[in-house]
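Order as written gives the chain letters A, B, C and D; numbering starts at 1 within each chain.
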Amino acid sequence: MPVDISSRIVRHEALNPDHFLLTLEAPPIARAARAGQFVMLQVREGYDPLLRRPMSLYRVLPGRRGRIQILYKVVGEGTRHLSRQPVGTSLKTLGPLGNGFALSAPASRAGGAGRAPARPLLVAGGVGIAIFPFLVEALRARRRRPTLLFGARTRRDLVALDFFRRRRVPVHLATEDGSAGSRGFVTRLLEPLLRPAEAAAGTAGTAGTELYVCGPTPMMRAVREQALAAGVPCQLALESQMPCGIGVCLGCVVRCREDEDSPVFQRVCTEGPIFDALRVIL
Amino acid sequence: MKRAVDLSVTLGPLRLKNPVVTASGTFGYGGEFVPYLKLSELGGLVTKGLSLKPRRGNPPPRTCETAAGMLNAIGLANVGVEAFLAEKLPALRAHDTAIIANVFGETQDEYVAVARRLNGAAGLAAIELNLSCPNTEKGGIAFGVSPPVIQEVVGAVRRAAPDLPLIVKLTPNITDIAVAARAARDGGADVLSLVNTFLGLAIDLAARRPVLANGAGGLSGPAIKPLALYMVQRVHREVDLPIMGMGGISDAGDALEFMVAGSSAVQLGTVNFFDPTASVRVVRGIEDWCRREKVGAVRDIVGTLKAPQGAAPGPCSG
Amino acid sequence: MKRAVDLSVTLGPLRLKNPVVTASGTFGYGGEFVPYLKLSELGGLVTKGLSLKPRRGNPPPRTCETAAGMLNAIGLANVGVEAFLAEKLPALRAHDTAIIANVFGETQDEYVAVARRLNGAAGLAAIELNLSCPNTEKGGIAFGVSPPVIQEVVGAVRRAAPDLPLIVKLTPNITDIAVAARAARDGGADVLSLVNTFLGLAIDLAARRPVLANGAGGLSGPAIKPLALYMVQRVHREVDLPIMGMGGISDAGDALEFMVAGSSAVQLGTVNFFDPTASVRVVRGIEDWCRREKVGAVRDIVGTLKAPQGAAPGPCSG
Amino acid sequence: MPVDISSRIVRHEALNPDHFLLTLEAPPIARAARAGQFVMLQVREGYDPLLRRPMSLYRVLPGRRGRIQILYKVVGEGTRHLSRQPVGTSLKTLGPLGNGFALSAPASRAGGAGRAPARPLLVAGGVGIAIFPFLVEALRARRRRPTLLFGARTRRDLVALDFFRRRRVPVHLATEDGSAGSRGFVTRLLEPLLRPAEAAAGTAGTAGTELYVCGPTPMMRAVREQALAAGVPCQLALESQMPCGIGVCLGCVVRCREDEDSPVFQRVCTEGPIFDALRVIL
């Protein structure tokens, strides 16, 4: 059950000039949180900005102190104000919100890939990486071995790699400027891994492969196409402008395929932020 | 020891345990807030606007933040009056608070049909007519800007739902809101609620395109509070009907100012987004203020605004 | 190396070196800003509103801060047109920028008398008529809300000051500002400026009294930007006259949005209070943006707003 | 000539829970400032609050670094936000503004009290004390020996006393609750000092006495009456809501006596903030 609490900043670390790792004391949120969920975070007091900002749960730290972490990038005024908040400040924090990732392949495809050993591929674009550490811990707790494909504009934006390396998560990198990993988009890294076994000698094929994707919309659109083409299950972590985060303003909707029991617009904050690639229209 | 404060207010046929009501479109159908607060602590809640058939609303982006405010063009997405009665109202009834159904239509007939369907529904305290919608039969001009249209649609709804207190919600996008208020009264309104959102526009400079998919949207939030407060005061002076005032109310002080200006009750809208427990906090804040100020019954402060200090007050600014 | 950007704009008979003009009542008579910026860097400046005789204005308090805005009820205090011509204009002339005299009256005759006195004054680039004032001959209703009154007063001033470009400044306190814009055009306006302040109220809860000695006041600042932007876009679509848009403009991005919405030039008001060098910073910001976006002449972006992304856009929000 | 600069916070000290002493690096303001002038200070970035806050110059620190000080009390949101600004932050600062104190008795009375040795009495109410250290230094530079009468609600509000004591300024205190000095208002301290010589055995009478007053309006109203009754020159440091501080909004006016060359409303920011008690109507 989500709560709205005032949570103290216990750590606030700059990973580079525009990426920050925030640690908050928020026991009730830490207890209830699932991978893929988010919080609505007040960035500073007063009416500028008026609305809270949605932020994924980067991690729930082990231990009894109920600490949660958020990894964010400064993209505008709100995140800039947030980045100036000193340790000790308390910020209103509402959560955990949203559906979170489905940790077994979506029912729709369970039949197809059910028996094969699960091969979770995490596909991150830019600050979309922020949603995956929590997921990695959840998957490992289920004895799954995720692989990370991480694309960014340039080397500097490849943050949080230590987290994955320390846990021996295989990491494949791509940067648009080629400053690290292979040059180009993350989709290039994904391509070979989605080739059917027979066609791709030496690859395991797509049996058991499931995609977890978070990044800028154009990147998610592309990955979605690849996944649908390869017929592998794919969960997309969507973003949208979120005034309330709790399903009441109807502001955050995304277009979805029509069917009896779901309207054509679904709320990213409530029916999402995690959507099955088969359902959402980007 | 705390002296008891009487927070109850009466607006014509409508009695509320306290003056704090959550505004249409900002509180879902009520149930969404159950994790965060006791609905029974509220004076009442107003549902999302209901139409005859379900509506999917506008494509995204539907909202945009502005200075101390936000624009929205949700497009009045809602489950429709039937689903409301079948799926939402029964659960709501369990909570001891006034459930107010917000009603709109694209034609007068739609208003009437929705109101008739709601008339006599068990557990409904009142209906609130949203007159800010475009009248598709009149070239898309909002119902709420034409006095004769207002009087007619209000009268028709009045007859269609004789058993329910009728709240008429006015649009602020008009030269003199008192004229609309009079038309609503003449049509048979029991209570006036004001204001709805102000027409506004935000532009994505990089794309040279409106931010909202709909183009224009409605402005709400603290930014509009002085405008709404002025209109509430004006209607209170000019028209003899109880008022539910709203527009940017974000704390108990704001709510009390609206009451002093002439609101018998207040509605809280946008604040529910950035502070989901604000409504109950405002109830407690009003009670504490009354205690501090030795006000035994909050209703006694309604419309107690004194004349300005200035010699010859007039609308002239600049 | 910097490519040159053509910042000049033409509004009917009025040519400005750049689109940034400071708004009436927020820039004094110009000289007050000489310590802070080069007046010659501005496209122009509009003086405090001028009346036939000096006016002392309203008693204090005259202003009050609100969420992302402020209310004012200065009461149009000014030195009067004679003192302006004798004491202010001569010094202003020295600066290479467009000097625009803002004019108001309590009666049509006063408007006409002030305009006649200004007609042909050396160094004056244009006059701007403030139609937001109460018409004492019409029960204190603002000139600017009645189309026939607008057309008549604009026509009379047009005849009284035939040699000066005539800017008519519209009030936003009206149901459809396009109607007022048409009336101003039919009266002979060369340029429209919009918007003036929105009627608002602030209450001192402890005293249960309006904060401003005048009671109501005019709301300005970032809070009103979305409302002003909507009105500018609407007038640009509906009426074929050049526009000077204003309302909450605080940086170059805001100014460019107003231009994209249809303003040929912009006016900066309240921002001059909280950031006295904003006007010149906006000029530079516009130039930098044009360079980045490879816009050779800023006038080319005026009115280039694309249609909204949505299917069937309409004013329906909620 | 006033300037609008961004000045760095080099020190920010809490004198008690709601009084703060702020030290800013603002060389051009420090160079140009006179006692009784003020600055328009941005309390934090963004539009909440929208307007800057007027603050008197408490001191210009000696030395070349051009440091100015402001003593302020938290009375609302703006000052509360200001009180949270950490050292190192830069705040837009516009000044020096206003007329400042006239350091010889106002011309109007020079004839009367011109010859007698000047006896400056500084009358402070609450945070009105903030304007006087700068004045003390200016007076001492002219070999004048000011006396301070300082009234406040309670002992805790009697801030900045060290400044005056270190400079051997005679200090008379009053608190409304009697927690320090004599119980009651500062006007009680002033009364005996305004008795004419003949009437008041052992007092020097009012010859040469000049009042410099800053405090809440009711207090200034009372002191003004006393000064006019005793016929001693009196300068009042007024407050008002100030949107611009530079004379263009006409928002900050105060009522003044009519005469040919001054309108009935004068701008506190420009014709003031220091007004001759004879001219202003409170």
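Operating definition for what follows: a residue touches a chain if its C-beta (ideal position, glycine included) is under 8 Å from a C-beta of that chain, and two chains touch if they have at least 3 such contacts.
In this text, all values refer to a predicted model and were calculated from it rather than measured experimentally.
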{"item": "Shared interface partners, meaning chains that touch chain B and chain D", "value": "A, C"}
{"item": "Computed distance of Cα centres, chain C from chain B, in Å", "value": "33"}
{"item": "Where chain A and chain D are represented by their mean Cα positions, the distance between them in whole Å", "value": "56"}
{"item": "Inter-centroid spacing, chain B versus chain A (mean Cα positions, whole Å)", "value": "37"}
{"item": "Contacts with 2+ other chains: residues of chain A", "value": "47-48"}
{"item": "Chain C: positions in contact with at least two other chains", "value": "25, 59, 67-69, 72, 74, 221-222"}
{"item": "Touch-based graph of the chains, sorted into line, ring, star, complete or other", "value": "complete"}
{"item": "For the chain D and chain C complex, residues of the former touching the latter", "value": "1-4, 42, 47-52, 92, 94, 240-241, 243-244, 246-255, 263-265"}
{"item": "Complex contacts: residues of chain C adjacent to chain D", "value": "25-28, 32-33, 35-36, 48, 54, 56-57, 59-65, 67-70, 72, 74, 77, 221-222, 250, 270, 272-277"}
{"item": "Chain A - residues contacting chain C, complex", "value": "47-48"}
{"item": "Sites on chain B touched by chain C in the complex", "value": "24-25, 49, 58-59, 66-69, 71-76, 104, 130, 132-134, 140, 142, 145, 173-175, 196-203, 205, 207-210, 212-219, 221-227, 229-230, 233, 248, 253, 256-257, 260-261, 301, 304-311, 313-318"}
{"item": "Contacting residues of chain B [partner chain D, same complex]", "value": "67-68"}
